[in-house]
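Next, two complexes with chain A in common: one pairs it with chain B, the other with chain C.
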Partner chain A sequence: MQQSRARLFKEYKEVQREKVADPDIQLVCDDTNIFKWTALIKGPSETPYEGGVFQLAFAVPEPYPLQPPQVRFLTKIFHPNVHFKTGEICLDILKNAWSPAWTLQSVCRAIIALMAHPEPDSPLNCDSGNLLRSGDVRGFNSMARMYTRLAAMPKKG
Partner chain B sequence: MSAKEIAGESKSVDDGSDRDPCPICLGPILQESYLDTCFHKFCFNCIKQWIKVVSSKVSKELSSVKCPLCKTDNISIIHNYDGHSFDRHYINRNITDGFVLTKEQRYRLLCYYAESGLLADVFDVPRFWKMQKCLQPNRLLETWLRRELQALMQEEDVDIVLHHLVGVMDSFRKRIEWRPKKEARTAETDQEQFKAVVAEAARPFIMARTDRFVDEIELFLASGLNIEAYDAIYKQRLGSREMGAANVARGEDNERTIVTPYLFLFEEDSD
Partner chain C sequence: MQNQNDLLKDESEIASSISEIKYEEWGNCSTLEDEPSFQEEESAKVPYVGDKEPLSSLAAEYQSGSPILLEKIKILENQYTAIRRTRGDGNCFFRSFMFSYLEHILESQDRAEVDRIKVNVEKCRKTLQNLGYTDFTFEDFFALFLEQLDDILQGSEESISYEELVNRSRDQSVSDYIVMFFRFVTAGEIRTRAEFFEPFITGLSNATVDQFCKSSVEPMGEESDHIHITALSDALGVAIRVMYLDRSSCDNGGVTVNHHDFVPAGTNEKEEASAPFITLLYRPGHYDILYPKSSCKVPDNVGK
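So, the complex of A and B:
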């Protein structure tokens, strides 16, 4: 418990330091609970998520960093590896490929990379995966962009 | 950039411990240790904990672990490095369990860490050199060397080092054997050269204990004894001294026996 707390505090300090360095990620720790974090990430450019801002929720387990944090999308997203309803993310580093050298910040970077490079062969969102697997990139892009507009962009006017 | 951020930055620069942190706890590295292949650095406890987590997920005994930073396979953690020696913590505890030092080897390690010159008065080392006894091959040397190397290196497979050392000693012997009479050196020069050559060959493997090791080789060769007899003498000297110390501590120093001088009989036997 004490170890994970100390490590999360270091990460908190690092985040304060890096804020300027990585404008695509904004990590915020819960005011009262250092084991709860949220992040805002920018949709990567040249993807249907471009222009969107997506919110992630982190639940850090007590044995962290020996166990990975649980991360899910709070913002709705149409992506083969994200569960459409729960926001659960299928990403190897969040499961068996986890390494304690990852940080919350680097997990965010990995999720941004996953947004740019979906893995349609291990889908949590089958509709989305099937579009890509059948080669309908246009169909996939238009669905994903629609949901980005609907859920991840501030409403104007 | 806001004032707060600037303050935060300068504070982080001051905190020197953060410059090269352990990738697992992100704190300053405690009990610096390295993975044996990729040499990435961690706190000893951090990397040990991680290995425990990894091994709890597989049913088989783990023999290697992937580096958390670079995924390279490593079979041991190197720690307690003091510039001369280090300890190895194997991922597969069976490697160390499978090769446990024998009782004799543990005792021999004790000998290496006892003060040197303990047996200086027992064997006549100068005579060994004067009589050029080093020219006689010693059949027991390999067996004895293997045991010593295993103990000192704490490794089972010492074949390469063993053959290297034996080869170096053989070629030294041949050089003395074949050199013309007029080029004969004094016994002291031979002795010095022998020790220098063996030390050079052994140092990369034995490191801090090299000089002591070379002295022991010389002593064993000069003794002309078999391994058991050689050990027996050590036990008499070292064992009785320890026992003596213990007895003094308990206030009953009535049984501090001195080594019996029957050893010289052996020496005459050896010719």
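So, the complex of A and C:
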């Protein structure tokens, strides 16, 4: 408990310093609970997520950083490796390939990379994965872009 | 190293970890492999680091097992008195190394060795920094290891007993942190000497050096093989002897227990001639600690 708290505090300070360095990620710690974080990440350019801002929720377990944080999308997203209903993310570093060398910040970067490079062969969203696996890139892009517009873009007016 | 590779392939039939399946005979592992949950459950019953047991407990495991193994255990009994088992959770090599090293320092109170390894630990820290690792991701793990070294040397208020060392080795918040410290050190060594390690890595897993470190060194629970051992031994400058207990035998039918000494680069001849103070027992998929009979120990207190 003490160890994870100390580590998270260091990450907190690092995030304050890095804010300018990484304009695509805005990582915020809960005011009252250092084990709860949220992040706003920008959809990578030249992907159907471009222009969208996606919110992630982090729940950090007590044995952190020996164990990975639990991360899910709060913003609806159409992506093969993200569960359409729960926002759960299928990413190796959040499971068995986790190591303390990762940080909450670098996890965000890995998630942005996953948005740009979906892995349709291990889908959590089968509809999305099937579109890509059958080679229907156009269909996938238009679905993903529609959901980006609906859920991840600020409403005008 | 090539030989060890072949050896591993030959022994793939008994390739799952051993300690947690004490009551199974050799060759039954395949049925267990289908039930990883059972295996995990069993392994959780074994403490991270067990008690010192007489070597006869090893023979008892294989009473109705392969005659070659029994014969090899007999040979081991001539040289070793005891075994200390570690949990088969994928961290057994690092955990065995940790306990064996710290126990040696506790017993020998070898301050020169502590000073020596501290220099190497600082080198490892620089290595990780040069590789671009963020300080705070590894510094807690380094600090905890250095703290253990200081606590083990007697004469300060924090000095700890043998019982306390055993307790700490069984306490996840210490034990896993030190295992992770070794994983950082190992990954740093492999990455900085990528050219040296690359052929071994490609031969083993078809991965790049970076992929290998990310998937097989840095995550907890990933098993070690000769690449990890070589890197850790070199980085910390600590020699490691590994005794191989497997079913291989010589062409002429004679039985010997193979061993390999991992001797860190830069070791001088005099040091190389003495046996390493860390001896591990390797059974396919698992490492435990072995205790040599006192006559086989490094004769370091001769003439004192």
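FYI, the second predicted complex is superposed on the first by the 157 of 157 C-alpha atoms of A that agree within 3 Å, B and C clash if a C-alpha of one lies under 4 Å from a C-alpha of the other, contacts with A are read in each partner's own complex, and residues count from 1 in each chain.
The working rule: a residue touches a chain if its C-beta (ideal position, glycine included) is under 8 Å from a C-beta of that chain, and two chains touch if they have at least 3 such contacts.
Just so we're clear, the structure is a prediction, and the values are computed from it rather than from any experiment.
In the superposition on chain A, A:Thr32 contacts neither chain B nor chain C. In the overlay built on the shared chain, the residue A:Gln16 is in contact with chain B alone; chain C does not reach it.
After overlaying the two complexes on the shared chain, residue contacts for A:Arg7 are found with chain B and with chain C alike.
In the superposition on chain A, contact of A:Pro65 is made with both chain B and chain C. In the superposition on chain A, the residues of chain A contacting both chain B and chain C are 3, 6-7, 10-11, 14, 63, 65-66, 96, 99-101, 103. Considering their complex, residues 3, 6-7, 10-11, 13-14, 16-17, 19-20, 63, 65-67, 96, 99-101, 103 of chain A touch chain B. Every residue of chain C that touches chain A in the complex is listed here, in rising order: 133-134, 136-138, 140-141, 172-173, 176-177, 180, 183-184, 187, 214-215, 218-221. Of all residues in chain B, only 1, 5, 8-9, 12, 18, 21, 23-27, 46, 49-50, 53, 57, 66, 68-69, 71 touch chain A in the complex they form. Contacts from chain A toward chain C in the complex involve residues 3, 6-7, 10-11, 14, 63, 65-66, 92, 96-103.
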